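Okay, got some structures for you below.
The two complexes that follow have chain A in common; it is paired with chain B in the first and with chain C in the second.
Then we have the complex of A and B:
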């Protein structure tokens, strides 16, 4: 847990520092140094345009972090919104549950493809698509939490004291949902990053001009047959380390937040 | 059908926006496909056609959508179906092993494997296997469902299998993780139960217990998990098919998306949603049936 948190923090810091420190210089095309094998000068080798893969991977990870954070954040907001609607009970609750179940019926990737296609691709489309497709699971968790809180005696007390509905929600219900929402965000984050990369790889995601991991891997696809393995190995491995550390962090936090249901 | 419907009206909006041709041509094509009509009209026309069995015409493949689906369903079924079944069997076996050795090294290895795979991009693993087994070692073909230059009809069963093996291995490797983790948790529960304590007192070995108590008790949750992960396998197959150039529905989805082929995209989305919601329903039903309280009531 602590080591995962530390690793994630170090990773973010490294990614941020190096993508900022290396700046544009690191990923400038240098056609004299095309497709070089990994060496001391280029630890990860260079790509088909002579760009240093290490620098480019760092930029890619920074981009992944940004897109992932935005998408997961937006998704948590949607989940909270749906939970809020659920809170009114009755028809509103049934409707919210119906929509949640509907969204769960589509495989993520298929839904992502459709959404991103609908929006015409690009960064904003990916963020939106990932956000829209990932909230249902969290919404379910939050709804369970909400039902628990709603039946608590302090809610009744608050109402009996003549507090307005809005006051009760803000001061008594929301603080109880936020920890779960935070854990939800952390659990969603690695998924968002992975799905962004997959979507970009398939050609529906970030613009090919940006140094995204998905773009790099889809370029690398064309060089696999020629035995240029480093183009594929390093960016993917970096992504794996990033996602894994957040996954471990997220699931250990979940174990803290709800020990009983976190066994799987 | 109800489960898939919200996606469709949204998608119907796309029709006019996505035809990326010159403006005059665009208008012509749009008119010939009926895209100049109001969106609700289009959607209802489409929905009516689907209900009467007409899925429309695929612009990316220049043939009726139903033919594209028929051509590709078999290839997809062979890959995805086999991967699904295999990941069920292997995942169950791994889960049993992990559960029986909980806390010791086989369990740790299996858990690390499962968590690592959950964080691995599917398409990246697929690319790695290509780089290692096809390019470096030359053990497996690099793409497609048959040798290049051979008509699909002429590909022998052996060749087919040769081409199937890498994508199948990759997809299975991913499918295994969820099933194994579910089985493991269930088996650990079994081991903590009173009847296992009794069995132990009677001198049963760990493997006896796994055989007699574990398989039965963990089997149905594992099966439930298997049905619930159908969507993930299908999603993974889109990526695997893309990397291995496997001529299945996943590749058709990507193609349809990139070429703005709305009828094909919608047909595949509809099909997937149907499959996955059926899978989810089966999973729900299984869960309900194995719930001891409900079972006790019905007996």
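Then we have the complex of A and C:
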């Protein structure tokens, strides 16, 4: 498990850093090398504009990472905010729970499309749409953790020893919530990346000029019928590998975040 | 006019329970002076732990009042009535090391740690790395560090062997006398209470 997590981390870091290393490769068109099959010179082949598909896929994944990080980060902030409101209990908790359930009741792909369309598409719209549609599940997990910690005996002991409510929040409750939020962030990442690609594929996401995986897959659809399979297979497979890497990393972190599981 | 005894912990006409269920304690009264050990025994489920928690301000009774020296227990600062639970592991943050747990209220003196047999080497360990008996001594040391006037000891020696029990109760007896701490020893073991307590109260359904 640990070696798989390490491999995933290395893979993700390689993708994240590839944009700088590759420079203009995969961005600049070369019409003399249009639609070449995979070969030693172009491992993943080239696209209809003669761009190297391996380099372009790496650019696309790096872009997906940026969008995923911002969307998942914003989503975690919203989830933590809603959990904080829940912490007051009573009406505040009921209200936070109602809003969370309401958001969960909506089909989130539909919500994503509506939000992205409403905001006119583009990178910022995708980030906002993914963030707003993905926080409720994490908020529910965090609320459960909050309730569990709040009712723990060590909290009442801390208060009996003279510690303030603020102290217990800072030193007992938050350190229990933050690892869960971190795991939630990592597990939300693949969702965010997949939804970014889906939105872009459907034409509601990133600008067509950007080297996004969704744009590449959407363009590939026009060439699949002509037998240019590599245009869709390689970017799609790389997206899948990146998403699975995050799943492995998130699951490993979840084990570490729980002291009882970490012991085993 | 008679002055109130400032060291007396009193529970008067306590009725207490959990949730909407029928109360486990009905009109129970008890008083605990300083420097004495009072034993509290009774069958399982008769409300011994609930009474201990009420006395230490951790459980709000449905009726009745708890007073220390005639006044209600203070709401701010360390509670002068400390409760030492039957399961000490649950009262310790699993992410904290023992050194931090012991000093959560106030730092105890090294002599107190030595008297209770708490070794300095435990400081770097997590609670789950200590045995039940070791954890119980840590919990006692943490409670004693805030210099309470009274201690509620809920089945604290149940997880110890006979020799460790004898050493612990000897230590607590001498603390009760020298530091003038009033102690309520809760146990279902009447024989043990007869040995360690100055008087024993029986709680029944």
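Here, the second predicted complex is superposed on the first by the 231 of 264 C-alpha atoms of A that agree within 3 Å, B and C clash if a C-alpha of one lies under 4 Å from a C-alpha of the other, contacts with A are read in each partner's own complex, and residues count from 1 in each chain.
By definition in this document, a contact is a pair of C-beta atoms (placed from the backbone, for glycine too) under 8 Å apart; a residue touches a chain by one contact, two chains touch by 3 or more.
Note that this is a predicted model, so its numbers are computed, not measured.
By the touch criterion defined above, A:65 lies against neither chain B nor chain C after alignment on the C-alpha atoms of chain A.
Of the two partner chains, chain B is the only one that A:198 touches; chain C does not reach it. In the superposed pair of complexes, A:114 makes contact with chain B only, with no contact to chain C. Look at A:152: by the touch rule set out above, it reaches chain C but stays clear of chain B. Using the contact criterion defined above for the overlaid structures, shared-chain residue A:176 touches chain C, although it does not reach chain B. When the two structures are aligned on the shared chain, A:217 is found in touch with chain B, with no touch to chain C.
Touching of chain A by both chain B and chain C, each in its own complex, is seen for residues 263. Considering their complex, residues 3-4, 6-7, 10-11, 13-14, 17-18, 115-116, 118-124, 127-128, 130-131, 135-136, 142, 181-182, 185, 230-232, 234-236, 238-239, 242-243, 253-254, 257-258, 260, 265, 268-269, 272-273, 276-277, 280 of chain B touch chain A.
Partner chain A is touched in their complex by these residues of chain C: 56-58, 76-79, 82-83, 85, 87, 90-95, 104-105, 126, 128, 142, 146. Residues of chain A touching chain B in their complex: 99, 101-102, 104-111, 113-114, 117-118, 120, 190, 194, 197-198, 201-204, 217, 220-221, 224-227, 229, 232-233, 236, 239-240, 243-244, 247-248, 263-264.
The part of chain A that touches chain C in the complex is made up of residues 152-154, 156-158, 160-163, 171-172, 175-176, 259-260, 263.
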